[in-house]
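In structure tokens below, several structures.
The same chain A turns up in both complexes below, where it pairs with chain B and then with chain C.
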Partner chain A sequence: MKKVLCGVVAAMMAVSLMAGCGGSNDSSNKNDSSSQNALSSKNDSSSSSSEKVTSLIYGSGADPRGLDTALVDDNESAKATMQIYECLLKYKDDSTEVEPCLAESWDISEDGLTYTFKLRQGVKFHDGTDFNAEAVKFNVDRQTVNKTDDMPYADFVFGTVSECKVIDDYTVAIVLKQKNTAFLANMAMCFGAPIVSPTACKENGGSLMKNPVGTGPYKFVSWSKDDRVVLEKFEDYWGEKGKCDQIIIKTIPDASAKINALTTGEVDIIDGIDTTMVEQLNADTNVTVDLTDGMNINYMAYNTTRLDKETRVALSQSVNVDELVNSLYDGYASKATTILPTFLPGYSEDVAQVAYDADAAKKTLADKGVTEVKVITYSNDRPYNTATGKTLAEAVIGYFDKVGVKADVSTFDWTTYKDKIIAGDYDICFYGWNGDNGDPDNFLNLLSDDDPSMNVARFNDDKFNEYITTGIATAAGDERNAIYAEAEQYVADEAAWLPISHQQNITACRTNIKGFKYHPTATVYLAKVEKE
Partner chain B sequence: MLKYIVKRLLMLIPVLIGVSIIVFVLLRVFAADPASVVLGEHADAAAMESWRDSQGLNDPIIKQYWDFVTGAVQGDFGESYYTQTSVFTEIMSRFPATIELAIAAIIIASVLGIVIGVITAVKKNTIVDNLGMFVSLIGISVPIFWLGVMLQILFGKTLGWLPIQGASDADILFDKVTGSYFLDSLISGDISNFTNVLWHMILPAFTLAFYTMAIVSRMTRSSMLDTLNQDYIRTARAKGLAEGRVIRHHALRNALMPIVTVIGLQFGSLLGGAVLTETVYGWPGMGKYLVECVQKSDFPVVQSAVLLIAVIFVVLNLLVDLLYAFLDPRIKYGRKEA
Partner chain C sequence: MSYVKQANALAEETVKIEKPESQLKIMWDALKKNKAALFGLIVIFILVFVALFGDLIAPYNATETNMADAKQGMSAEHWFGTDVHGRDIFSRILSGTKYSLLIGIAAVAFSLIIGTVLGSVAGYFGGKIDAVIMRIMDMMLAIPSILLAITLMAAFGQGLDKAIIAIGVVSIPEFARIVRSSIMSAKENDYVAAAKVLGNSNARIIFRHILPNVVSSIVVRATLGISTAILDIAALGFLGLGVKPPTPEWGTMLGDAKSYILSLPHMIIFPGIVISLAVLAFNLFGDGLRDALDPKSRS
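And now, the complex of A and B:
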């Protein structure tokens, strides 16, 4: 009996060794051959085994939360969903300017309250359902009149909508309660705005978290939790079809392992790369590193209910932001001269923040008797602050120390930190923002928000609020941009925040990958990406 | 024997009640508010309050606990707050991957650990002994995440021998029937799928096994040294038995009891999830997921997963105790001593 068992085990090991050795010497060959295995094992009847299948493999830092864009708010989910779904509008490839997508054109009424969209005809969802005005109404109603508590972006995208009217089969009118110039930008967002198949949504009890059905260039095949999401090219797509046959979003949580997976060719593209790894990747001839400006702001906020303007200005004067950014971010973040990133409408290079002047700061703080401040920060890194909140706070209190102010610093994990922010027991906190839709209001209205978890400076200023109210109701253009530039200067003079940096997005791909671009909204659109 | 097993299994009930109360209370006292995690950055206070109401989080904690227990008894562990998927589905989509990695690791650790332990005991105070104990000292000391990344660089990048991410190549598809990559690749009927999975398992299994192997080898050495000094070993040698037979049949079998205990406990820990190994190798198991759920205050998942781990430990302890009887015929369960 023992001999028989030994024989079986030995035979299995021999077979596996031979097969393993044969398949693992060249990772690119391995991928190609296994791609064919994949389709031949899955689609025996439909695909010819002689066709070469191209699989684009994207290494993502975390598993998606879910695949229903009305119910999620994480970028990992968007990496899969934005290949499956489409919105009425879409962003241009390298900016947040919008262009037609499922809507071919649109009109805005004179009062700025009614947006009429002419829809594209002949578009089908992956389940065969027709895309039409009723489908759009279903989607808008789903996140307005039928909204549930668990839709994180429903209010942001559709909060100003009063009703959605079907004019005819391919015309739909969305009526707003109040003017909202950012509404068009919202219609291209990766959360809330994508159009889902009404049929699939109803069949799945109102949630497409596991069975996404959209109109996009790729359709859903499978999701193996904490492993991969597999998509395949939608052959009946209305526009230019996807370049690769399959897209695989592979979950690789460890940063070093993600780099190793790219350099060994196990994945084709990765994002969210730590700045310390860039040099190593640049040295690899099989890899191309790409840096793009991030639509974000990393800032220090003063609790304006506890620190007066003079103290805030003096504390801002004490921090050498240039030096801070250069030392902490290895050149992969730019110093923030305004709250708005430079490529957003409304950005003005004329805005002047409080200038570094340690002597003046020391004098003012001594005169006012400010010797101690209570600081809270977060322990982890954030997309807008790769150096971690803790490191940033330690650097800043070094500057405070030089002007005679001691800091009592408390550090928390991110979830607890947000609770501490809401509790409000701090003089200074560190925070940041990733833009959602590319509209200036999306950044500046943080300082007029009633919610202390958004307006962490608890800034409540009638004049500033007026800027925000006017800005959101003014049509896009020079007049609107001037309003935001003025608002920026006003809040800079009030020193509610000390803007610190705009983090760059660092991505890398194998050199045989062509056409990959990381969008400023931190989303990826992979249909145009080719694998040679 | 049967009576003993039933008695031990009945002891599960107070253990589970105790563990569930502790986890339940700790989560609600110390974990952050899940509403802000679930509803995201844009949620206002009213929406968060409404969500807490809908999840019963504003109810008295005793009622919340009662609802959880009554649901769990009927097999309903609730839904994950974060993914809105049933907790059972969430756990079962990851647990098989954890089991297969743990089994692979415990096999490697036990075989290597016992072999090293026996050799070092037999060759006590020689260079072989020193070398074996040096390896096990490294095994106990080296951080798993570091070892994992180093093995990836060596075997994946430099030598190009082994894959370093996931449980199979990303573009291999086979139906998930059992949830275990090992079994599902066999069921797919394609030998290349099976070998692909086996090949992916080597580095994570070895990384995970390294620490346990070190513990087992040290325990084996110490237990063997103790046994080799016993009179019956001297008797066996005096009878003229071959040294190999003395070591295998007389020394090792008598030394096995503490070794089996250690292996059982280590196996329980591995089944609870190997957070670092799963993270470094992108292995789709439960350990990493559980940690993420703690960070996201996903109460239903954490409560249920911890209960599962408690059950595993109790059952494994029982199995180890039953193994004692198999290894040592002098031990009889369920009979009163004469």
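And now, the complex of A and C:
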């Protein structure tokens, strides 16, 4: 009975908060006060009862897959988890440079293999567990020696780790098998790297998918599947506490409904906005649209095991990427001249992709007798391609058609599409990548990966692989950047991919929201966001 | 009908009387009075015409992309505007007519043939054969038709032929049931007994003697079935399961336009209108046909 009552109260609270944010006029006052009672009666530690409960509502395009950062790899999940968890390091607000977080300082040994972290003292997890060296070791071990198959990012983040040693209560040393220049950047990533409460993890059989416990500024309250995740300010947070009392991440899969929710004030912030909607949102005086450079690449990949270099080059020549990008993305994406986004180390403006030359393409393809290609694509939109994979594919095959190549296009939903990629029955596919850690290796090693779900071009080239292995072991600086610039030119000449665009991240919020920033890693940190 | 024929023969032999009006004439007279059905028929004629000659009258190539002209509104050059790939929407709608009609008619023909055979066999023989066939039909009816079509498309993959089969399969049970019930009542007639006595084979009795007498209800059902099939193919296309790009199928156009519903509404309005119009036309005509063929409603 008690449980039922609790549920009813919680539901009422959520509903009344939603109503309260629509407008602050008389009709909502009653709701506000009732929700406040519910909050304060439920949680004694909440602030003085006369203040209004502010809840920030974020409209997200998909439900989180889960709330355990070791077990998920989607940005929708990260929107919730990055308020709950923290990593040893964190990225600066608008770049992928790292700064202290749960670790106050760090040392790298001479040989570049041992990273020693001094941990912050007096930090507690939401369940009261102390944060210390043992907790860090538990988290590293969880994804190295105790790794299970369901941890998509374990190898990426901790693949080079050989061991994690506890030096004292607040000092921990992580030893690598080989040099990895991206390791520090990895320690701030939103997948794999966040530190979870060892107690909670053990209690829940090793999975915090439904009941996450971290050290972050917000703690988990509830998750109603396909509806919302509710988070509440963590009062004992070690740093600057969250500005809003509550954060609700609401799932609104339909793009138009998401826009409507923002313009009516049902939600405060939305992301993943289609380029064609920007103009309309700009006209709304209650809404601010924010454009930020995206750390991503939208590309077409050739199956290099089925198409030879000459054919690949010719097909790339047939596509007028400039025209395509301008018309599909309305100027909210820039034409990709490199795989790396322009603001990443290793980017070089000297890299030249295959140039548009339809006549040459037509001739080569006719000479080679290429008349049909099998194309697969995805039906939905992606953060790096707001126009959907189907629309992009249709535009590209329009160019193929002009040079006499017919395309047989099959469209699949994202989940099925990934299976089709692994199955490998295609000449051409469409894909993209959103950077995780701001390191050039994070982008370029896609083309040297053994896993065909990552390396969709199935590109396997000794020379290119060597660039990648030297690059990752070289210390950051000009020498390293030169290696990546060379690797870019090499793969551009090989035409394994046709880089198409770098998408800007388009977000919008109500004008009463202050301090919202969409991070280049395509996640959000909401603790500093204020609602007036 | 055969009663009428027998009576005619008898009448002509004995006395010269005025020839009674043919069945078709009676039907046409009834249909003429029904304004809605007539409207439906006219629209169907237009659709058939466009399906045959759409590509010739279309001002632009319906599949050739032209990215430089993308996302234009309505203008003198592009009456219905252009889509995200710079293709003329008016031309795509004209060219797309043949796909919707072809899929609609072919799917109905597919289910009509299989459904009629199954229904006839079940209705004529009865007993265990009837029970087995009709339980299978019941099982298919238990699954919502569009859901079954989606499942079939997911299994077959995209394509014109596959869409026809998927939509055809899901409407088999309806035809089977209608034919079965018509046959069951028709087989009690004396002429069936006479045909049996004369030593006709079962197949001949079904197809030469009974079916021609129940054809009117099948025709009505088939006409209405075309409208359902057009709607089904549009639904599959909308869900991205129909034909392969760049085929200008109406439902696919609708589906592609849905993310632009607020910014470029012309992209979704025109395909929507023609789908509604085509479905409406077949429905009105089918209803009119039913009234015209039903002697009870004729008076």
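Basically, the second predicted complex is superposed on the first by the 485 of 532 C-alpha atoms of A that agree within 3 Å, B and C clash if a C-alpha of one lies under 4 Å from a C-alpha of the other, contacts with A are read in each partner's own complex, and residues count from 1 in each chain.
Criterion: a contact is a pair of C-beta atoms (placed from the backbone, for glycine too) under 8 Å apart; a residue touches a chain by one contact, two chains touch by 3 or more.
Computed from a prediction, not measured in an experiment: that's the story for all the values here.
Contacts for A:Y399 in the overlay, against chain B (first) and chain C (second): which applies, first, second, both or neither?
Once the two structures are laid over each other on A, A:Y399 reaches chain C alone.
Which partner, once the models are overlaid, touches more of chain A's residues, chain C or chain B?
Comparing chain B with chain C, the partner touching more chain A residues is B.
A:K418 contacts which: chain B (first), chain C (second), both, neither?
first
Check whether A:I248 is in contact with chain B, with chain C, with both or with neither, and answer first, second, both or neither.
first
Scan A:M454 for contacts with chain B and chain C and give back first, second, both or neither.
After superposition on chain A, A:M454 lies in contact with chain B alone.
Looking at A:T285 after the superposition, I want to know if it touches chain B, chain C, both of them or none. Which is it: first, second, both, neither?
Neither partner.
Tell me which partner A:A261 touches in the superposition: chain B (first), chain C (second), both or neither.
First partner only, chain B.
Can you pull the chain A residues that chain B and chain C both touch?
On chain A, the overlap between the chain B and chain C contacts is residues 256, 413.
Any idea which chain A residues touch chain C in the complex?
Those residues of chain A that touch chain C are 255-256, 259, 274, 276-277, 279-280, 320, 323-324, 326-328, 330, 379, 381, 387-388, 390-391, 393-395, 397-399, 401-402, 408-411, 413.
Okay, in this complex, where on chain C does chain A touch?
63-68, 70-71, 84-86, 157-158, 240, 244-246, 256, 258-264
Tell me, which parts of chain A touch chain B in their complex?
Checking each residue of chain A against chain B gives 15-16, 19-20, 23-27, 30-31, 34-35, 37-39, 41-42, 53, 55, 57, 59, 62, 65-66, 71, 73, 149-150, 152-153, 155-156, 207, 209-210, 221-222, 224-228, 230, 246, 248, 250-254, 256-257, 260-261, 263-264, 266-267, 413, 415-416, 418-419, 450-451, 453-454.
Hey, which residues of chain B end up touching chain A in the complex?
These residues of chain B touch chain A: 32-33, 36-45, 47, 50-51, 54, 82-85, 90, 93-94, 145, 148-149, 152-153, 156-157, 160-167, 169-174, 176, 188, 190-196, 198-199, 279-282, 284-285, 288-289, 292, 295-297.
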